[in-house]
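Here the chain labels run A, B, C, D, E and F in written order, and each chain numbers its own residues starting at 1.
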């Protein structure tokens, strides 16, 4: 799996026209008492790296270093290192602009943090209007029939047990919170509801993590890796022809 | 249905603490050869006004004038009047900030244009961190089990036939486009794909509109109105108690 | 009077080269105890629509939906919905840019709110440097020998009685304020003076409105409509030739 | 006439509460073939310094160094050194903010360049909302019954002959331009019209300067100095009481 | 060496008051034909991690994940992934603001890329005015008597041979460039000179790298590590007392 | 020494291709009890004007009016008139852009205030990437072997005694401050340290000024003038050939 940070500029330039540049983005934010600050970044990287390995170079990809910081203003009450929305927009715009300038015609952003989601999708929409590129973006947890990841609960804890077991601390039973967090369980499907102080009210996680296991995590990780690898193949198939023309 | 633009400032101030302020947002952009530029704005207003009427003041609402312009850079090739993403973000931030300053504790944004969706959700997330408010946002077409609206195709044409039949021009059969637009039918579920020039390639709409009827449109409109009215009741129920405390 | 929101994009595109695009802008802000929040927007629209009707299509115009929100930070103490100066600048810049991109060569902004005045004039100055267009801007009340409109006093109340009598509430005699508001009656002609808290000190209006009548309002409205229609004809005459060349 | 640049910080701090800070602003831009680039700055300074001298310290004033650069994008075709509108807005906002932070309660901006006018008025409006200050702004040529200054024509040439005769080069008769510049003589009173390329079309000035004399300039300069001195006295009278209270 | 990304939020919060947060920043940019794109990031991390290890927790530090992207617009001609200056300023401001919000009172930025230098120093100056913190910043190569690092020449190649020998490709003799690059060897000491196209003219590096050895690199690395460890101890000594008071 | 403000635009345009435009920048900020607010601006001008005189037109230069305001947020506690960093960046970018638009190919910024230093160097780096120009920047005190200027101490007082003796007030002995200011004497060479409140703690200056004399100041001024004149000659020699080609 070629890593941009380890390649020389000529290697990058030579591969840019055909390869898909892949940028993982994450966050540094509270993940309850048992998961580390970098959980979202680590999981975006874990899924991305396994998926790229599985592709065996078909299609060709170049993996950029992960952006370790994300948009987490809702976690600043608990030691997050957060970029403002406008800052993250600028970072993504600059990275996309650099990649297009360097000759890349296809870029994929793989996100591990819910708070980055709208900003990431907006970034690829905006930039695709400015340059002749095909851009893709996903949160690893919402590809295919991905289920609901929550935050620092069963889902993420399972994945961390599978990918970074040494970093998972002892878990405490999470007390039931009534009503459940509005941002996670909106009162009507499709309605986004944001209430001031909601994250603090519910204690920083969406659901209990004590039942999570490394085995369940391994299954979930496998499922996400397969989905991402399939999504990359599909993106390649949908956009390869167009850009191959340009090279003929 | 109280309209802010027709109320005096004291009437607004008196109602602000309890009422939900409702802001429709739309666009002015191409909608193929048969629908008017303001389709998204008109439909956001049509659904909103019918839903607010149906509530009969429970909960109390105050309807703001619709923002007639949206984020449509992908339609600038065809006569759109578009706000840049940063401009729409600023408009929404300023409106939310004004409303909170005026005493509103609850605001709902109802959107009629896909291109506004991320910006709108981002705006309510951001502002809910800054002030003690509960904010909600939805695109009228994605509430509940809303189906896929597409653009200037069967869905929007049906609704316009029901709500503004006089504005729907003669429809021509839309030629099949292969492959279908990547933004509307991504190659993998959950993957956002944006390709330069895609809207022009597919001719500006997502699907054929010749089979749309006023009757089908009336059913669809009724469904959307019911969903929005229910969503507002649910938002009210979820956020009423908290804020009633503040007034006691 | 063609309304952009009701036209298809091809109708807009076909008319753009010759027609003057007309954008009314207003505000949502306190207008004392008897006038509605949207007074400025309604009056900008009332004057604009009557003037465009009177032109009978000579010159051709296309009326954009009014921007219902303006720059009213000085009324935030009393329930305004206000855009910051930078936001309004961005909105106007984006609208002008969109219109030029869509082929319009001539645009007129008609303003109903004093607080928008500098921003509007700045916007047309700036944009005319960037594209080959002829842009015009006016506040409806300062065309020709327009007198002093004040705020929520005799002038605006007269016009609202003529245009929207049902929205004018019972008026109370306004107590004399000494000294009169510095922003309205500067201590020296041509000197702009702004003092913190001045709007609150003078109670939100500039002069008494109890003597205003619907008849006086009708005369004033007629005067303003005539002035705007004449101004549009003059703008057309001054800029028609140049741009007709481009089409020959 | 105390000059801020020559005072120590304690002298400034001690005087700030009572004195009016006065900031001249100008431009560096083409003024036809016979006037220097800095004409607007020099004239703003000439009028300001003579007016402040005439006041003999009543009211107390502190003169800031002039901002030598202004907003002149319409003269970039002819060697202007211009600040963008947003830059000039930031400079004025920062200067006003600094002065308020340093204890000044009253500031006057004296402008010598038409292109700065809206930005300057906007700046004082905006800042007066943020801090407990009284701010004034004027263009020296529009105080009282100031007549029409034009650009690089009879008016400015007369003043420069009176104030800086050594800098006025030989004048050539200006050919009549038909139609006259739209920005200077709008087709309808009160209508701002800006047409792309208009400054270049009319050759960079508004009217002929060959009849200007040093005597006429001296009268005009005297008139402007009197107007500004009177305006400062009026501003002081209107705002002194309020702020004296604060010190008692 | 505690890594923020691997700590839980409570561990971070508990340590924040006393520990120095350390943020490495680098770049992804061309480093001639033999060094990888991420050279600056890797070297900032190599020096930082060795120095933090050497401190053995005295003073306590928490290492943040490195920002892998820097300000490299001058290398966009050769496949850099670059953040604009304003973006990097925003990232640093947001990170510093987050850390102060989380309770950190002392932060150190360790930079590996010349193009970040002014932006980094500006960022710590700006933020120290806004919050009660003590901030430090350095480029690892300019601590103490650090010599001239150049770009992709003898200095950086030596360090990479010591730290990441596997990533150094075969070196070609660099042809002499006359005159030498103005940005690296200014025509007068203390004068910054930047000429358009200079980086391309000199082929992307400042000096020949063929004589660099792993042994020389190890000595240089040891020297840089010692300097950074000493600098951190000195920063701690200079700022410890003040902040310990706050906790007593 | 040609001054842009006194030249006509044609004189500027004719000279631009060959002449070096020279922009002095300074500040308005506290300089202890004995030096005036404008010390940095006056010294930048004093050194610049004497150096340009000494060149006798070889190379040709055009001196712009000094920017009298700088970036002094650290002196806002003591009556500074300060531009924010982003404002100063914009001013410098706009001036450089204007000069390049007007045909200048070479520009030199001469700075008199430490707080402007990074922003100035960043500005010339950024702009040289955008246009085919050669840009230079220096702080007059750091050219050659310039010593440490400090702030409002021996160095600046000496120069002011030489250049503006009438503006230097009676000096009081400065009490020793322990520890010395961290920004002036960092705890480790090459480490920038900024601590909140440090300027106020040390009383606004870096060292005692009572031993400064006009004679010492004259020697220092002569040294700085010589250095700047030499630096300009060196800049000219290094960049003349390239740009002469363009004119052949």
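A few comments on the model shown:
Note that a contact is a pair of C-beta atoms (placed from the backbone, for glycine too) under 8 Å apart; a residue touches a chain by one contact, two chains touch by 3 or more.
Per UniProt, the chains are A, B, C, D, E, F = Creatininase family protein.
Computed from a predicted structure; not experimentally measured.
Any chain touching subunit E that also touches subunit F would appear here, but none does.
Among the remaining chains, those touching subunit B and also subunit E are A. Subunit D is reached from subunit C by a rotation of 180°, derived from superposing Cα atoms (nearest 5).
Here the CA centre of subunit C is 54 Å from the CA centre of subunit E. Distance between chain centres (mean CA atoms), subunit D to subunit E: 47 Å.
Once the centre of each chain is set as its mean CA position, subunit B and subunit C turn out to be 27 Å apart. Along subunit E, residues 86 each make contact with two or more other chains. Chain order round the ring, anchored at subunit A and oriented towards subunit E, is A, E, F, D, C, B.
Residues of subunit C that touch subunit D in their complex: 73-74, 85-86, 89, 115, 118-119, 121-122, 124-129, 131-139, 142-146, 179, 182, 187-198, 227, 230-231, 234-235, 237-239, 242. Those residues of subunit F that touch subunit D in the complex are listed here as 4-10, 12-13, 16, 28-38, 41-42, 64-69, 76, 78-84, 86-87, 90-91, 94-95, 98-99, 101-103, 167, 169, 204.
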